[in-house]
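Questions regarding the structure given below will be posed in turn.
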Amino acid sequence: MSASEVLASLLLLTGGLFYLAGTVGLLRFPDVYSRLHALTKADNLGLLLVCSGLSLLAGTWRAAALLATIWLLGLLAATVSAHLIARHARAHDAAGDKR
Amino acid sequence: MNLAVDMLIGAGLLVLAWQTISGRSLFRGIVLFVVFGLTMALAWARMGAPDLALAEAAIGAGVTGALMLVAFRRLVRIRPDQCAQPALRRSRLAVPVAVLAGGLVGVIGLAVVAVERDPALAGLAVTEALTDSGLGNPITGVLLLYRNLDTLLEVAVLLAAFLAARTVFGEDESRPPTPARREVPLVGALLAIIVPLTILIATHLLLAGSREPGGAFQAGAVLAASGVLLVLAGRLQPATALSAGPAFGLTLGLMLFSLVGLAVMAFGDPLLALPGLWAVYLIETAMMLSIAMTLVLLFAGASGLRRSGP
Amino acid sequence: MTEALLAALVFLPVLGACLLLLAPASWRAAILLVVTVPLPFCLLPLTVLIADAGLFEMALAGHPAPLGIRWRLDALSLLILWLNVSLMILVGLAASARFAPASVEGLRFWPLWLLLAAGIHALLLSADLFNLYVTLELVTLAGIGLIATGGSGAALRAAMRYLLLALMASLLYLLGVGLVYAEAGTLDLYQLGEALEPGLLSATALVLMLAGLLVKSAVFPLHAWLPAAHGNAPGPVSALLSAIVVKVSIYIIWRLWFWTAGDWQLPAPGLLLGLLGGGAILYGSALALVQKRLKMVVAYSTVAQLGYLMLIFPLSNLLAWQAAGYHLVAHGLAKAALFVAAGNILVSLGSDRLRRLAGLDQRLPMDVFTLALASVSLMGLPPSGGFVGKWLFLQAAYEQGAWGWMALIALGGLLAAAYLFRVLALTCFHPRSHGHSTRLREPPTLASLAGLLLALAAIGLGFASAPILGLLEAAWPGAMAP
Amino acid sequence: MSSAMLYVLVAAGLFGIGVYGLIIAGHLLRKLFAINIMGNAIFVLMVAASAPLDGRPDAVPQALVLTGIVIAVSATAFALALMVQLYRVTGQASLEQDPDGDD
């Protein structure tokens, strides 16, 4: 196993751990906001680590660029959806308070 | 090692399928069904069928999941307490029948796999014929050159499904699925990036289909995704009347495929013998647009679309 | 040239459906005419060709099987094509009165109608098991869409039930197709006759396909979906569904049985299928006798009459073959006439409850006359087309000394007479007529006329038996295989 | 055990689960889940059971399954629209208490 492979495996493993942490947070945290917090933060970092690990393994710039695009897109989707979910939750909470 | 991965995927499929059908909540069932579809895509990839993996992820999981979600939301809108849904029925027959059916499929499947067979005649013929065609992807070859009547009729089936669904679209679905509320700025930014990108990806899938995995159906489903986003964001509003634009989009694939397939007869070629790769690309493009339009309209539950918003 | 004619049969309706969606409302009637009127003229030269050569094959896209898909026209498919084209035109006339092409309902109805026609034509021509699956799905989805145009809760429920069962049936059929391909490496129905060795696996595959098709064709005891679906659809749709849509699945069963598995000796399964047919005749007729609504009587009568088409399996000789083919066409015309008339009565009365039909013979003479004429053919009275079919069945059973089948066929005719006479008696011979007070909406003359023409065709078929029997004789697969 | 055999067994399991789900489901949406799972089982079987050509998978069953997937989605889409309208008209999203169309 070469040095880059070891590094890649490490990155993948850490990425997996972050995903695990995010999922545990999703399951254990009490309300929407903290769940979102756990999920988006941890998973975005996890995705970054997994993508870097994979691009090290692939070893080409083309693959690295593609994986970076994937990460960026994931980031974009996570941002917007987290924002929308939080907005929706807040609107509902406000309505609930009024009642 | 490889077998272990397959076993993991297989076990995942079984567990997800079980939870999908036996869970209490319908909404959860839909989400699990989508996850099941994505796992199916993994399984296809493992089975050496990347085209099917793409199709399953885009059509099987994505489109079916979106359609199920929107149908569920319509149910909720008609009557908000969907908890009063009919419960799971108890039946003493269920388990024996299910075991019998699964067992039958397993036994005959294993019996087929266990015997050493010659490669299929049709499969060999495809491999042989493909070298003359200029296509690199045998599946695109089968779908558009050798068994293209299947594909043409399949587009007709999709159109028939839309027309059949149209007979039962309710009046109140002409209202937009999301009430036109103040648009969130971030959504605009997302659309500005995602829509061009999906168009790019769809085009790539379409062109790649001749050599690599991909093709009109996968591309159409991806393109439909951006249409669905536009409908969800309220940029496209459902309309009750079938207007010229959507009608053209709906029928384009079937029309063009039929017309090209018939036109070659004037030159003495057999029916549906496509005159070259350009015809394949042309027809696939038209099919992609039709598939995307049909799926978006099915999602919107409407006969037509009109633009709105900024 | 022949290729172009066959292509027109499938692609004229397909293109017509597309054009209906694109063209302005005022053009739609013209488009419908342009795509349906040429169909019989396409069939005429094909008939001459088949009478001469007996068979026509074409490889689609120039790729012969097993690589490509074949179309194959023989006398059997030609006969059913004639039936479908006649129904498309005559029932279409009746439907045009109800679903005006230029109206909004027309835009919902006619494209599906044309896609249904295209699907049936493609199905009848196709010689490829998987292509048959695709065409079956097209026929099913278009047909159920047409049922749903009824719009009532009962129609929607019937459509949903039919759809779920049809989807399951398709899956069974597809499973069989997958097994056949894994085993024999080809999907061509006729090549499979040689490639598929009789054995446990191929038998299982065949059984799966048959099971799926039996559900789709509503053969007893898998008929549960049919009466509600056919009884609640709009009249012209019921006519088409009962007269042709359920039968194309039986057509595929015949193909599989006599062509793909033609050399297998299968007396016991054949007997079983025959018994299912017998059960259908008795059960369907019995239930038709006790229905309270006219359209339900007619729908249960379809369950019963489909049973005759299964008698070919145990009897399995040329006479029985001719009988079954003849019965398929005769029943198609008579049943379409019955449903068109019943649909007209339903529209004009606002109900088709039997007790409200009393005295209707004076108020809707044309529709009641149609009802009576079609009934004559369904009961199998001479000189109708139905008589020829049933007479041939009796003869086929007599030749083989199959007294049980003879008794069954005779009994089936009696039962049909009983449930149809019940309807006619309630309509015409009722001493005091209730319900005269209700106002009557006159059904469109065109719809009544179309029903009458169908009924006349069903009777007239009895006088045109010689050429049709000749065609059927040429199509008998037993004659090819020694 | 080869991976083809494994996937055949998975297909068998999925088919059984689908049949079970179809029997116990009351809600139409659940019936559609079940039918789609059964369909997937058959698709897996078709691909897994086909004989390989020189080590490469046979393209024909894959093309057939691709067609099958699109047809399954078409039918599901129609079934969903029908379900919604049935619910709107009758207030029921199941096929129980069928009056047999007798009124």
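First chain written, first letter: the chains are A, B, C and D, and each begins at residue 1.
Here, a contact is a pair of C-beta atoms (placed from the backbone, for glycine too) under 8 Å apart; a residue touches a chain by one contact, two chains touch by 3 or more.
This structure is a prediction, so every number in the text was calculated from the model and none was measured.
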Quiz item: Which pair wins on C-beta contacts, B-D or A-B?
Solution: B-D
Exercise. State, to the nearest whole Å, the distance from the C-alpha centre of subunit A to the C-alpha centre of subunit C.
Key: 58
Self-check item: Centroid distance [mean C-alpha coordinates] between subunit D and subunit B, Å
Solution: 14
Self-check item: Centre distance in Å when subunit A and subunit B are each reduced to the mean of their C-alpha atoms
Solution: 27
Quiz item: Rounded to the nearest whole Å, what is the centre-to-centre distance of subunit A and subunit D, using the mean of the C-alpha atoms as each centre?
Solution: 33
Quiz prompt | Sites on subunit D at which at least two other chains make contact | solution = 45, 49-51, 60, 64, 67, 71, 74-75, 78, 82-83, 85
Quiz prompt | Two or more partner chains touched - positions in subunit C | solution = 130, 134, 137, 141, 144-145, 148, 151, 156, 175, 179, 181-182, 185
Quiz item: Could you say which residues in subunit B touch two or more other chains, in rising order?
Solution: 105, 112, 117-120, 122-124, 126, 147, 150, 154, 157, 160-161, 164-165, 168
Quiz item: Which two-chain combinations touch?
Solution: A-B, B-C, B-D, C-D
Quiz item: What does subunit D use to touch subunit C in their complex?
Solution: 22, 28, 31, 35, 38-39, 42, 45-46, 49-51, 60-61, 64, 67-68, 71, 74-75, 78-79, 82-83, 85-86, 89-90, 95, 98-103
Quiz prompt | Interfacial residue positions of subunit C with respect to subunit B in the complex | solution = 3-4, 6-7, 11, 14-15, 17-18, 21-22, 58-63, 66-69, 107-109, 111-112, 115, 118-119, 122, 126, 128, 130-131, 134-135, 137-138, 141-142, 144-146, 148-149, 151, 156, 175, 179, 181-187, 195, 200-201, 204-205
Exercise. Provide the residue numbers of subunit B that touch subunit C in the complex, in ascending order.
Key: 105, 108, 111-112, 117-126, 129, 145-150, 153-154, 156-157, 159-161, 163-168, 242, 244, 247-248, 250-251, 254-255, 258-259, 261-262, 265, 269-274
Quiz item: Tell me, which parts of subunit B touch subunit A in their complex?
Solution: 184, 186-187, 189-190, 193-194, 197
Quiz item: For subunit A, which residues count as touching subunit B in their complex?
Solution: 73, 76-77, 79-80, 83-84, 87
